[in-house]
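After this come two complexes, each holding chain A, first together with chain B and then together with chain C.
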Partner chain A sequence: MASNHLTGIGSESKQLATWYFTFAAILFGAQLLFGLVAAIQYVMPGFLFEVLDFSVARMLHINALVVWMVFAMFGAVYWLLPDETGIETVGIKIGKLLYWIFVAAIAVVVLVYLFIQVGPADETSIWFIHEGREYIEAPRWADFGIVVVALGFVGNLFLTGIKGKQTGIVTVLMADMIAFAGLYLAGMFFTDNITVDQYWWWWVIHLWVEATWEVYVGSIAAYGLITMIGAHRKTVEMWLWIEVAMLFGSGILGLGHHYFWIGTPEYWWEIGALFSALEPLPLVAMFIHVLYDWGKTQGAEMNAEHTDEDNVRSVIKNKPAFTWFVLNAFGNFLGAGIWGFFHTLPQVNLYTHGTQFTSAHGHLAFFGAYATILVGMMYIAIQGTNGIKVMKHTKSSIWAVSMITGGVVGMTVALTIAGYVQVLVSRAQMGATWAGYFDGQSGMWFAQAMDWRLIMGAVTFIGFLLLVKDFLSTGKNPVHER
Partner chain B sequence: MIDPAVIRPEIALDDFLPIFVSSALVLIFGGFYVGIYTAVKVKMLKKWMMPFAYLFWLLTCYCLYIMGSLMHVGDFTAKALVVAMIGYLLLPHAVYYMQDQVHQKNEH
Partner chain C sequence: MANKSVWSDNRFWQRSAAWVTGFASVLLIWLTFDTSAQISMGNDADLQNGVTKRVPGPTVINYKITYEMSQKRGHEVPIIGGNDGKGMSLFQEKETFFGRDDWSEEEAAELLHLGKLGTQAKNCMNCHTLLGNGAYYAPDLTKAWLDPAWGPNGSMQAMTGKDTKEEAMAEFLQHPSQYPTHERMMPNLGITAEEAKGIVAFLKHMSSIDTNGFPRNFAKIQGAVHGK
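And now, the complex of A and B:
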């Protein structure tokens, strides 16, 4: 049974979406918690030593990040499918079964990370403990489970897309999710040559986050603009195709900027430099997209009501979600664009790679490009499941968005300062030597930057708690129009 | 074998900060260019603001030039950066034109 986005009640697909969002929110909290532990360990190196070492805390931090985002992405697709196709998701029962398999697999993997931590450094570790590949460290048995779940999800999406109405958003998602699931395979096999291993590993990491995930964000932004401000579908979908062309056009070979120093041929310098320089273009274009649709839709509303700017009714039907979507346009541009661009060319990347610059870019880009829009989708789902017509800001929602954004921006600035110290001391002055590595981290600027990163991490975590409070209290809050 | 001079362009210590600031400003000014251009076109800003959009594009080019010079980029990268700047100039025009045509066709 199809349902309208304002009334998620009655749709099994939307119910499944809320399950995905719920588990994603739990993992989001875990990500922040383990991030805090790792941040404390930079300031107090003895903290939880030999109980939860930095290597384990960091592994949990970054793997939880990827997994909560994948959960929220699947949830967002299950949420929008009935709206876009006009039918209930095909094979929803299998979808629900796969959800529980996915949750169980992740729970076991986290418990193994927490309590077993390291293995005997042979095939047993790869199969049952972890593979040691940053971001996608799940052991091989879990890898196969993830592939099965992803294929089931893609199957649900394709069968529904083929049977129901084929909108541009669903068509783009169908193509994108095939690539998303397929690319995971590149990170599953083992080779004892580190260059070859890294070469393929980057196919997963780069081609996920700078190609398929960005296209996914374009699709979700398109759905959000139609849902929240009533933007014109043909305009939005036409734009989506341009974004797809630009993102894949620049993003795929932008992969070259990861191949500068891992032992791959030097022609990657030129390829990486050219396509990395082009990569901010689609991010700028996404920014125009949101501004255009908002301006046009609000302008049409003003014309229809023959009124002026001060008295016109807002076209926004879900203010918290829209705030997160606008943050996404800015955050993507800032985190992926600016913080990516200023260390992407090989001449300067020689000095910056592997320093806290990378970490600063990673924090702001993952937050700006993905976390924002996925939290926005959670708000859309909350609006739907509670039958709210116009969802307004609450004190908690304003404090949550301000503290999370302020906290992440604060961490980014602190890490940028730390990275700058490393570039000057560890790389430029001391030539990337072992002594330079330690000298770069023992200076006052680096240490203070790490203190600030911890403080800002705590601010982010408090913001997250307020976000959860807002999620849980929306159903009973009388401020929203029903 | 790559020439060592190519691998280590030897950026002067004092040049790192201007490189990071100018490369950040490339996109910040670029964002202002695109933002003002689009906002004027959708009538969120007055028409007289449009020259400021192009002024920001010029600033973007200048910052990219500073960044490229201080980094000692090679010929190929320099050409790539020029292409990127022409892309930045044309992009909002092309995108706005296409969006507007679709908008006109479907709503009027």
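And now, the complex of A and C:
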């Protein structure tokens, strides 16, 4: 094992991974497009009114986000499995079949979202149009499809992990992915009780993005450090286990910070505050882990070469991917850790809950914690499928990463300012009424923030176009060492 | 490697991860049982017998609901059917809802069911927030029922030309783009008269849920507190 990580040629698992990555990239583009529509509507409310309303654009924006990430996550697992286990993935034919079922189901769901949009207040709407529950709007029929596809994926992962070499990374992924798939079931029922509804809804959303997805990122970071800079497996996997302990130790009960105001008992204030306040700690650990390992392996390289510092080769075998991985270390800590901690204590959250503050956190956290590392994995796949030994940056890869990161950070700053206005004016000053809401929204500072959000969203989108250009062209670029 | 420290031993950290995860999961499941019991929906008998539930039964729509400071808890709580003076509900004062204050348990439950389905089918949550969760393009609906704008002398009620809060809300829901209040408008979602009734019942019910004082100071600023 470990020697074939640079080449995807001949591995069906890696081929399937590239399919997953391709569709993920397309959905990433859709996410940004519908995000732009929603951002324009904040600035020009008449834009596409009663054609593609904010609710529809926003639903597509966040659903495309979740689904492209799930696709890229599945893809990354199919990519690394042959390297880690030393064998071809078991059940790859079924994996490929499920991929096409998944893609077809998503195409149908998106078309229904776009052209039917809303239905009457009965069960058929929930079954066939959408469930109207943020992030997991997919209609009930698609829920069952997702369960089947996820079971197939987890089955392939388990059969391969059991048959092949079971590394620490594979063990963590096996445990994590079964929890990830299982948690989806918590979001699949209807109830008239909105408090019960939101209680279980958070089991899916929170225990995904603040627990199982973070552990997934830890595993992918571990794999990336081994393949890209040749970090020592034992060190990397020890860190991974420490991260799992810290992430699940804080993240599982950190769920309590969503139970402050939805009708659930007061004890969630203390539990949610304590454990969610600990959530940034593992993110600091992950950050240190990536940079420390990089410094350590580079330092060892320098000692081995016995030359002066300027002439030492970089240990990084894939520059663009590693850039995205390092961004992940920063972005996860900043977006999920710092921006999350800002408003996680109930004393603060009483005023910030349900404002643009949450939106600011959401943008930087999803980008920093997940988008970055998944884009990094796409670069690793491009390196592998093109048989590249050392992959270098290109002009477009640098412009892409700079513009996307700059754009998302810009949007986050703008939304944070909008959040402050909303918290102070609509909430603290005006007492959260209809009139108070619109007083806050029509304020100059809020409006300016929304203008900047749109501009920065456009910057992000241009960056994405450059990223796609780089994805399509960099594989054949003669600049890389083969 | 002879005297290897436990702190650099992968097995030690692997076991720690398993124990920590297991412990946190067990605690969460235990708390879920406790919370589930506390957030289960009450019934008409609870309301009749003066039992305060975090999520009251659907027939709460027969009662007058306000949102007032509880000295004991240090924040506002929903008050159902009158205040005993210390921030506890009396469950006495009724209020008509679409002309009736005797909705039976079955009728009220049916209305709430229709309303909850309606809020999901119409995708309310991707513009508004419910219990503070959702999108931020439109006002929070947690206590919308108690918003002075919909009450007597409120701007929204006046605009629709209706005599009661519930009729005004139902009228707006059916024809939102006929009543533009701001440049940012609610689109027409094809909500029928019956669906609108259900959604308003859902909103009235939601305003009676004990949200631990969220939102703070609701409607306490800028004019009168509705219901006083």
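As a convention for this text, the second predicted complex is superposed on the first by the 479 of 482 C-alpha atoms of A that agree within 3 Å, B and C clash if a C-alpha of one lies under 4 Å from a C-alpha of the other, contacts with A are read in each partner's own complex, and residues count from 1 in each chain.
By definition in this document, contacts are C-beta pairs under 8 Å (C-beta built on N, C-alpha and C of every residue); 3 or more make two chains touch, one makes a residue touch a chain.
The shown structure was predicted, so the numbers you read here are calculated from the model rather than taken from an experiment.
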Query raised in the report: More chain A residues touched by chain B or by chain C?
Result: C
Report task. Look at A:Tyr351 in the shared chain and tell me whether it touches chain B only, chain C only, both, or neither; answer first, second, both or neither. Result -> both
Report task. Classify the contacts of A:Ala447 with the two partner chains as first (chain B alone), second (chain C alone), both, or neither. Result -> neither
Query raised in the report: Which holds for A:Gly337: it touches chain B only (first), chain C only (second), both, or neither?
Result: first
Query raised in the report: Can A:Ala186 be said to touch chain B (first), chain C (second), both, or neither?
Result: neither
Query raised in the report: Which of the two partners, first being chain B and second being chain C, lies in contact with A:Leu274: first, second, both, or neither?
Result: first
Report task. Using the touch definition from the top, say if A:Lys234 reaches chain B (first), chain C (second), both or neither. Result -> both
Query raised in the report: Which partner does A:Phe54 reach: the first (chain B), the second (chain C), both, or neither?
Result: second
Query raised in the report: After superposition on the shared chain, which partner residues are touched by A:Leu291: those of chain B (first), chain C (second), both, or neither?
Result: first
Report task. Identify the partner contact of A:Tyr420: answer first if only chain B is touched, second if only chain C is, both if each is, neither if none is. Result -> first
Query raised in the report: Do chain B and chain C touch any of the same residues on chain A, and if so, which?
Result: 234, 238, 242, 266, 350-351, 428-429
Query - chain A contact footprint on chain B (complex, rising order) - result: 2, 7-9, 11, 13, 16-17, 19-20, 23-24, 26-28, 30-31, 34-35, 38-39, 41-44, 71-73, 76-77, 80-81, 83-84, 87-88, 91-92, 95-96, 98-99, 102-103, 105-107
Report task. Spell out the part of chain A that touches chain B in their complex, as residue ranges. Result -> 232, 234-235, 238-239, 242, 266, 270, 273-274, 277-278, 280-281, 284-285, 287-289, 291-292, 295-296, 299, 333, 337-338, 341-343, 345, 347-348, 350-351, 420, 423-424, 428-429
Query raised in the report: Which residues of chain C touch chain A in their complex?
Result: 8-10, 13-14, 16-17, 20-21, 24-25, 27-28, 31-32, 34-36, 38-41, 54-55, 58, 109, 112-127, 129-140, 142-144, 147-150, 155-156, 177, 181-185, 187-192, 195, 198-199, 202, 206, 209-222
Query raised in the report: Which of the residues in chain A end up touching chain C in this complex?
Result: 38, 41-42, 45-46, 49-50, 53-56, 58-59, 117-123, 125-126, 129-134, 137, 168, 171, 190-199, 234, 237-238, 241-242, 244-245, 248-249, 252-253, 255, 258-269, 271, 350-351, 353-356, 358-359, 422, 427-438, 441-442
